[in-house]
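Okay, handing you the structure first.
As written, the chain order gives the labels A, B and C, with residue 1 at the start of each chain.
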């Protein structure tokens, strides 16, 4: 036993000192880290639902929906819209996006892809505001279709990115999957 | 135990050039390939690795007379893992965007062979000054190698440097050699650079002898 | 038990997101041990074993130790700062165990490996796989984590063995001097990586 202590006392002492150091660093930095993690999401919400000053997370009872919904309010507490944080598979790996809809829940007012690893130069153009801008004013009650040509007047369509049809389709799939599950429940939270 | 500054400087320069960890010793290649898709990533990774190797060498050197042979690898690993965790926490708090892009490669500094190598080869038997000179040389040499790769890949693959676009968006869309920021481009760049470095070394030793 | 999901995870990490050719892990042994096919295959097997066991054990450490103890202290994530230290200690111990086991039961294999065996500890593929298992949402169950780890090991084995096969052939050609060794291997790896990129989208 004393041989063991003789060989390893330094390891034990260092272990304790280091663990304390790490615990201290963790304590002092964890608030900042959490803030950082939320900031990307909050900035996205403010972008997709213009006029948002603050947002509250709301519970969606539909178990099939695996995302988060936020009620977006302005300064005076008035409802300015809803933001859906939803993810799904993309061509390469996971895509995470935030889609904003108007207070009535009828039209899309914004869309932002916040996480993706699609092919640079092709699939990752789904991040471009020019492309996601196509979703604005689309009808939330009908399925959104992806076509390889400019959208027809009045149709619920977006044009796919040239050379990145799959990535474009996956983004639309995520939106199409999320909207029907969330829309019916919005009234409960007005 | 007087280390003369001349040889400390030589130790420092060795780590930088003639014994460059990535280009000559062929260590630390995983981050050299993974995080060099942009210059910013390369610099931050280099900085983090330099921090870890400096602290690791410092502590190992200060405690060198107390570290028993049987447990030394354990102690090195413990020290390195601790400082990597510190670096990781720091980056997540103060450079969040970059830390996301570096992903798992910050914790992977723990298994970066060059760091544990320095502790084993230099710090355990040398004074503090010597160990620090060695650590800084290796760290900066590592950063240098990564930065070269980062420059090449970012310039050719995204048409930018440090996220500042150097060409118009249309030019980049058409002409950028996107493969450079993807895995095949990484292997290609590193292979080419090592080829060039070897050629230069051959010429130097063949011509200078 | 969704078999399809497990196959998906396996194919994804072995082919589509191969740890070496797409994830940049395990490059040092990939360059160092890929000269002969039988050594490469042996290394691949050893790594697969260590990766699978380490993946499972580190998953258990996070989910069965750190999280519950943290939760008891008020915040499940409270002890996560110990993750990296715990992971590397586990891996180092696993490799030590493999070494002892080989030395006792397969001495010729032990001799053949030489210094490469302890170097498995610094194989970033192993720590990398453990970290990814911890990060990814699809590996939050033990079975998924085990399949991912195993798939990662198999992917590594495939990459290193293919590279060894190619290098055995290259040894007969006249490679320019500056490129011999690491240079040509990396250039070949570049083409292999390009080939493996063709697997993208296969998960669908």
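As a working rule, a residue touches a chain if its C-beta (ideal position, glycine included) is under 8 Å from a C-beta of that chain, and two chains touch if they have at least 3 such contacts.
Fair warning: this is a prediction, and the values are worked out from it, not measured in the lab.
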- Query: Which chain is most remote from chain A in terms of Cα centres?
  - Reply: B
- Note on the structure: Comparing B-C with A-C, the one with more C-beta contacts is B-C
- Task: Could you grab the centroid distance between chain A and chain C? Build each centroid from C-alpha atoms only and quote it in angstrom.
- Result: 31
- So how far apart, in whole Å, are chain B and chain C when each is placed at the average of its C-alpha atoms? 22
- Could you list the positions in chain B whose residues touch two or more of the other chains? 74, 78, 82, 85, 89, 182
- Note on the structure: Two or more other chains are touched by the chain C residues 81, 85
- Mark out which residues of chain A touch at least two other chains, giving numbers and ranges. 18, 22, 25-26, 119
- Which positions of chain C touch chain A when the two form their complex? 17, 80-82, 85, 137, 200-201, 203-204
- Note on the structure: Seen from chain A, its contact residues with chain C in the complex are 18-19, 22-23, 25-26, 89, 91-94, 119, 166
- Message: Using the touch definition from the top, list the residues of chain A that touch chain B in their complex.
- Response: 7-8, 10-11, 14-15, 18, 21-22, 25-26, 29, 32-33, 36-37, 39, 119-122
- Hey, which residues of chain C end up touching chain B in the complex? 21-28, 31, 81, 83-85, 87-89, 92, 119, 121-124, 126-128, 131-132, 135, 176-180, 182-187, 189-191, 193-194, 197
- Message: Which residues of chain B touch chain A once you look at their complex with the stated criterion?
- Response: 63, 66-68, 70-71, 74-75, 78-79, 82, 85-86, 89-90, 92-94, 96, 157-158, 173, 176, 178, 181-182
